[in-house]
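Below you'll find a set of structures to go through.
In the two complexes that follow, chain A is the common piece, with chain B as its partner first and chain C second.
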Partner chain A sequence: MRTLFRTTPSLPVFLAVLVVFTLGVTVLSEAYGIGALSTSFIKTLGKTACLALVAIAMDLVWGYTGILSLGHFAFFGLGGYMIGMWLMYARTELIVLDSLAAAPLPPTPGEISDAIAGQIFGVVGAADLPMVWMFAHSFWAQMALVVLVPGLLALVFGWLAFRSRVTGVYLSILTQAMTLALSLYLFQNDSGLRGNNGLSGLQNLPGADAIPQATVSIWFFWASALALLLTYVVAAFVVSGTFGSVIRGIRDDEARVRFLGYPVEGFKLFVFVLTAVIAALGGALYYPQAGIINPAEIAPIASIYLAVWVAIGGRGRLYGAVIGACVVSLLSTWFTGGQAPDLPLGFYTVKWVDWWQVGLGFSFVLVTLFAPKGLGGLVDLVSHRLSPNRHGAALGPDTGALREKEAEQ
Partner chain B sequence: MNGALLEVAAISVTFDGFKAINRLSFSIGPAELRAIIGPNGAGKTTFMDIVTGKTKPDEGQVLWGEVSRNLIGMNEARIARAGIGRKFQRPTVFEDQTVFANLLMALKNTRAPLAVLFYTPKRRDVARVEDLAGEIGLAEQIRRKAGELSHGQKQWLEIGMLLAQDPKLLLVDEPAAGMTLGEREHTADLLREAAKTRAVVVVEHDMEFVRRLDCKVTVFHEGSVLAEGSLDHVTRNQDVIDVYLGR
Partner chain C sequence: MIRRLITAALLLVLCSATAQAQDMTIQDVLQEHREALEKSSRRTIGPVIDAIADSDLPAARLVLERWRDREMWQREEDGLFFYGEPVDRSTERLFDFETGADVGVYSTRDLDQLKPNSGIQAMIAAALVTFQLDDPDPAQRRTALEAIARSGEASHLAPLRRSITKETDPVLRAEKERTERLLTITFGAADAERVAAIEHFRGSLFLDVRAALNPLIATTTVYAADLPPDANVKRRLRAGSADLPVAEAFALLVEAGLATPPPTADERKSALVARIENGQVAGIPVAALDTQEARDRAYATLAAQGDVPAWDPQFSEARAVEETPFAEVYTEPSAAVTTAAEETLRSINHTVAWNQVLDLSLDGLSLASIYFLAAIGLAITFGVMGVINMAHGEFIMMGAYTGYVVQQVIPDYTVSILVAIPLAFAVTFGAGVAMERLIIRRLYHRPLETLLATFGVSIALQQIAKNVFGTQVRPLTAPDWLDGALVLNDVVGISYIRIAIFVLALIFLGIFLFIMQKTRLGLETRAVTQNPRMAASMGINPGRVNMLTFGFGSGIAGIAGVAIGLYAKVTSELGQDYIVQSFMTVVVGGVGNIWGTLLGAGLIGFLQKGIEWFNPSNTLAAQTYMIIFIIIFIQFRPKGIIALKGRAAGD
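Entry: the complex of A and B
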């Protein structure tokens, strides 16, 4: 831990900010404090922490390893689905047991199971519990699936893609295809996950009806903040040290790393699977706060947003990803929530609900062109970590030779 | 040849009908310095690509080490782990990382992802990296980013990374390109020193530099070996004069 603090100077700062922020929110919450923050806003903050968490995963895979995956929201969504199945099943089971308790004869297990299936799958016109719900009755089994299902998908997909040395834009397209295929599959009613209805009512924890949402929301906020912190520590551990050197080497010059004897494909696969699992855990925390998950959540655009957050925040630095995800998603909530005042231009009134996307698109283009270090680059102005000035004519014949101005310094 | 470290036997490779390598044979002993010269397109770089696994030959064999293991079909990383290090024409160091990190990454050590993740440099690893930095004349720059180094310093850093890998065979592509006279002398010294304990193959255009290396020379032409021997011997060879030096 002490080495981590040394190799990752941002870690203590991040830790302090997160703790202060969490305490602040708790004090301002309805459940444990003065009630200045609404329950829905606390849910927004908790969800934002989950998004920051998955942004760190994206930064690991893209900013550090150079794999522009545009499919990580598939893993996020799958994590949400896995935990959602248990939440929905367990709660429906309680409701069913409650209603059957009034019957003259005690219900058989078969009757209970049929009643649960009818409750959950009535909307898609089915009455049987599909195979994929086999473990839905067990919290621990579904928690294991949160890790296993996205982890295995990433393992198989990554193994196939990296082994054939698919890189760059081709890999990005493949990952988009993966998330699109998954979302189209889940849109079908017979996929066993309620088609386009998705899973709903996830904010109601089974057996916790007596606990007000105000309290539940702050619990989830704490859990999300803790998960974010742990992700930050894990990511800092991965990118510091020789492993971090190797993956940044892969990003900058994959062939060179190969000639050093490192199995590049193995490293890529490790990072891909690790980040998929992190994203899945983020999803498992996010969707109980959102209350509903449907296949639209893992549409290709979602994963592109993820890349936009990381680019705006500044890739290749962990706090950059966190800043990007928080700033962009909170602004997005504000603008699309109808709270932002309209901007009258005289001839035309800019309604932010419609124009926010355009603004986000523009800022993405501007950041890419003029500030490739993103918002995180502002930190360099304070910490004086400036890139060498490489302008001016080269003094030597090859690229990378000392430049005039550099030599004068 | 008996006791050869690397034996390349009658390899050929064709790119879109162009025979880049034509039944080329080559061998080098365990502690030998060798220079390869030849005009552009003679197949020097393709030869290195084949030995390091980047290009697969159409026919022929590449035999390696005491047990004469065939390297064809092995991937680049496995060949590198078997003990062949390569330096490219253009200095390719990891510019975003420090000299120390570059050398540490190259240091002969575990290469498996999980083992690398939990690896912490031991005291002797750090000492070895510092020694190497001294050897290549970058002791003072060890905490600087490689991107801030001059062109010549980057070349040395890359040679240092090769030495850190501790390969049995070093393949070096045009190490002196773009260097000042003083830098060339230092580079030649480094290579001669390295060749005392391992095999070193240097591809070079610059005759003056080859003379400084003072070693056996192999002349490539149109994908095969034209002549072999001391520099004076090959420069007197009429064929060599015709295709290369006479122009």
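Entry: the complex of A and C
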């Protein structure tokens, strides 16, 4: 741990901030404190922590390894679907048992599963439980699937893609195609996951009806904060040692690392699968707080937003991803929630609900153009770790070649 | 009462009068059915219409027409029927049906109008059809023929056959003969003529032929042990085969009275519920009945006591129907007709299959040209320059909205499309040039960041479109001459818009090839793409060339937007629907080669239509499988169908 603290100076600061923040929120919460923060806001904070978590995963795969994956939100959604299946099944089972308790004969297992299937799949006009719901009755089996399904998908996809040396923008487009295929597949009613209705009512934990949502929400906030903390530690561990150096090397010059004898594909595959699993765990924590998941959540655009958060926060540094995800998603909630005051320009009143997206798009362009380090770059300003001032024409053919003014010094 | 007597007397007189003339008049026929006419009820009027139509009197048609048009009147004083023409609001001039003679002007108070309701009017119209078949006016004859073709009846057959010999118009005659054959298939009296009519339609693609033939080969599955000897059996069946599931066979057996269905699980359950005593059923506590086995045991105990219908837990429907013969029997009794129908349908299906392949190819071709059109701009910006432009889809959308705005200003659709195409090019060319100058120029060494920055532009443009035009679908209407479809037969057809898009795609291919191969800009573009520094040394301004090339690619996206907007919905999300497929098209085809893009579009278009054909109800599944196929395809040809070799490959 001490080595980790030494190699990752941001880790103690991050831990301290997270712990203080969690305690602060707990004190201000309705369930365990003075009630200054509403339950819905605590849910927003919990969800934001999950998004920060998946942003760290994205930072690992993009900022550190250089794979611009436009599919990590698909893994996030898949994790949500896996946990959602158990939540929905278990809760429906309780409701069904409740309603069947009044029947003159105690229900048989067959009757119970028929009634559950009817309840869940009534909306899409089916009455049988599809094969994919085989393990939905068991929490542990479904938790295992949270890891296994996205993990296997990432493994197969990554193996295919890296093996044939698809890199750069081609890989981005390929991952985007995978995401599109997955969301189109889930949009079908016969995919067995309720088509475009998605899974709903996930905020009601089975058997916890007596516990108020205020309490449940703070529990989920704690869990999300803990998961974020652990992810940060794991990510810091991954990027700190030799392994971290190798993946950064892959990002900067893949061919050179390969010539040095490292199995580049293996490294990339490991990072890809690891981050897919982290994303899935984030999704499994996020969607019980959101309450509903449908295929639109998995659409390619969501994964691109993920890249936007990391880029705005500053890729290649773990805290940058966290800052980006928190700032952009909280600002988005604030602007699109209609809380932001309108901006009168005299001839036209800017309603932020309509124009926030435009602002986000253009500010993203500006960040990409003028501040490639993102918000995390501000930390560099404070700590006086500035990049060399690379003005003037390049002296060599490569992008990294010395420039005229550098050579003069 | 007195009036009735008088009319009866008058009737007698009239009857004797016609008896003398040795011939019935139409008035006699009407009087014969007078009560039914006065009552005018749909249930009883049928025989009256038939009597009038079958009377073979020259005035019959006139009566039916006037009656249908509510111009037939009954004189109250003697009950005779006339047709009238209104003089003014309360008086009518009456005419005799037989002679057309003016009978005089009467007040409507002394008359009863016959008011057939719409049901009766339809019946009269059907009877009139046979008269219209011989009408001197060809238009009337055609209307009548169409009415028969729409809803033919057995009674139409005889007048239709009669009218064929009298028909002078060769086209109408051919159509009459065809309709006659169709009617003969269904209503013909002798098997021989029906078989002849059926066989005449071998290989025909018309839907009405199939509609006439299909009822002939309709079958019912029956229990076959006691079939009548003359039953027209299609084939014998065994229960449990793919064509006759066990459950269906058992239901047939029950229907035939040869088996009693055992009590179902629900019936057994309610029997158990009905016999709960002191929390016990047959000595078993209710709480223990939470498995199917326990319930079965309890029911068996009850059955043994004789309280409930017997039930054998070992009973299986499969065994009950095992040795029982079943057969598929045609509803049509004549074997000759069904054999001929089966054979003809087989030949028809064969022809239909070939035509469906043709139709599918046309569909695939048109989808391919849409993808090509959407991707050709990308083939320039991404394929030639290597710039990932995620806002390409939004340029397509801008083109479509430009078309919409132009249509708001210029109401003539043809002119507005002609104006919209260059205008859309200009707008998106401008947008492309602006984007190249402001954003892409600064990121040429960072392709991944180009992707992200252009994505930022994409979401901003999308939201701006949403703010300006709203979220609802905006219409981009095609001119009249693009409406409709080129219909080759009842199976193969393609809409003119799709043909136009195909032609447009071809034109663009030509323009692209011309500019790239034959113009200064194309030469400079290729030079700058291959080696910007060397090109610059040769006096080419790489910045200017890049700007123009990018603008050109974006401009083509705008024109594609107008074309796509003509048949798809114009919304702010229009571009998003095409962007991934467009990139796929370019990547699959092979970056940097227009022929590759063409092949890629063809592959994707035909593939998607092919998959849709296997599973027609589900276009989502088709897209899913297509993308998966592409991902696998890229495994084997990572550089696309046509990979650049040598120096042009750039690595």
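FYI, the second predicted complex is superposed on the first by the 388 of 409 C-alpha atoms of A that agree within 3 Å, B and C clash if a C-alpha of one lies under 4 Å from a C-alpha of the other, contacts with A are read in each partner's own complex, and residues count from 1 in each chain.
Assume a residue touches a chain if its C-beta (ideal position, glycine included) is under 8 Å from a C-beta of that chain, and two chains touch if they have at least 3 such contacts.
It should be emphasised that the depicted structure is a prediction, and the values quoted were computed from it without experimental measurement.
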Note to self: Output check: A:Gly346 vs chain B and chain C. Expected answer is one of first, second, both, neither. What do you get?
What the structure shows: neither
Check: Is it chain B or chain C that touches the larger share of residues in chain A?
Finding: C
Check: In the superposed arrangement, does A:Arg165 touch chain B (first), chain C (second), both or neither?
Finding: second
Margin query: According to the stated criteria, A:Asp354 is in contact with first (chain B), second (chain C), both, or neither; which is it?
Written below: second
Note to self: Just checking: does A:Gly249 make contact with chain B only, chain C only, both, or neither of them? Give me first, second, both or neither.
What the structure shows: first
Note to self: In the overlaid three-chain picture, which partner chain does A:Leu260 touch, first (chain B) or second (chain C), both, or neither?
What the structure shows: first
Next item on the list: Give one of first, second, both or neither to describe whether A:Val308 is in contact with chain B, with chain C, with both, or with none.
Entry: second
Check: Which residues of chain A are in contact with chain B in one complex and with chain C in the other?
Finding: 399
Next item on the list: Enumerate the contact residues on chain A facing chain C in the complex.
Entry: 68, 104-110, 157, 160, 163-166, 168-170, 172-174, 176-178, 180-181, 184-185, 187-188, 190, 300-301, 304, 307-308, 311, 354-355, 357-358, 360-365, 368-369, 372, 399
Next item on the list: Write out the stretch or stretches of chain B touching chain A in their complex.
Entry: 52, 54, 75-78, 80-81, 85-86, 88, 90-92, 94-97, 101-102, 104-106, 111-114, 116-117, 119-121, 145, 147-148, 150-152, 154, 161, 165, 177-178
Item checked: In the complex, chain C residues that touch chain A -> 269, 272-273, 276, 286-287, 289-292, 295, 388, 390, 439, 442-443, 445, 447-449, 451-453, 455-464, 466-467, 576, 580, 583-584, 587, 618, 620-621, 623-624, 627-628, 630-632, 634-636, 638
Note to self: Please output the residues of chain A touching chain B within their complex, sorted ascending.
What the structure shows: 3, 238, 241-243, 245-246, 248-249, 252-253, 255-256, 258-264, 266-267, 269-270, 388, 390, 396-402, 406
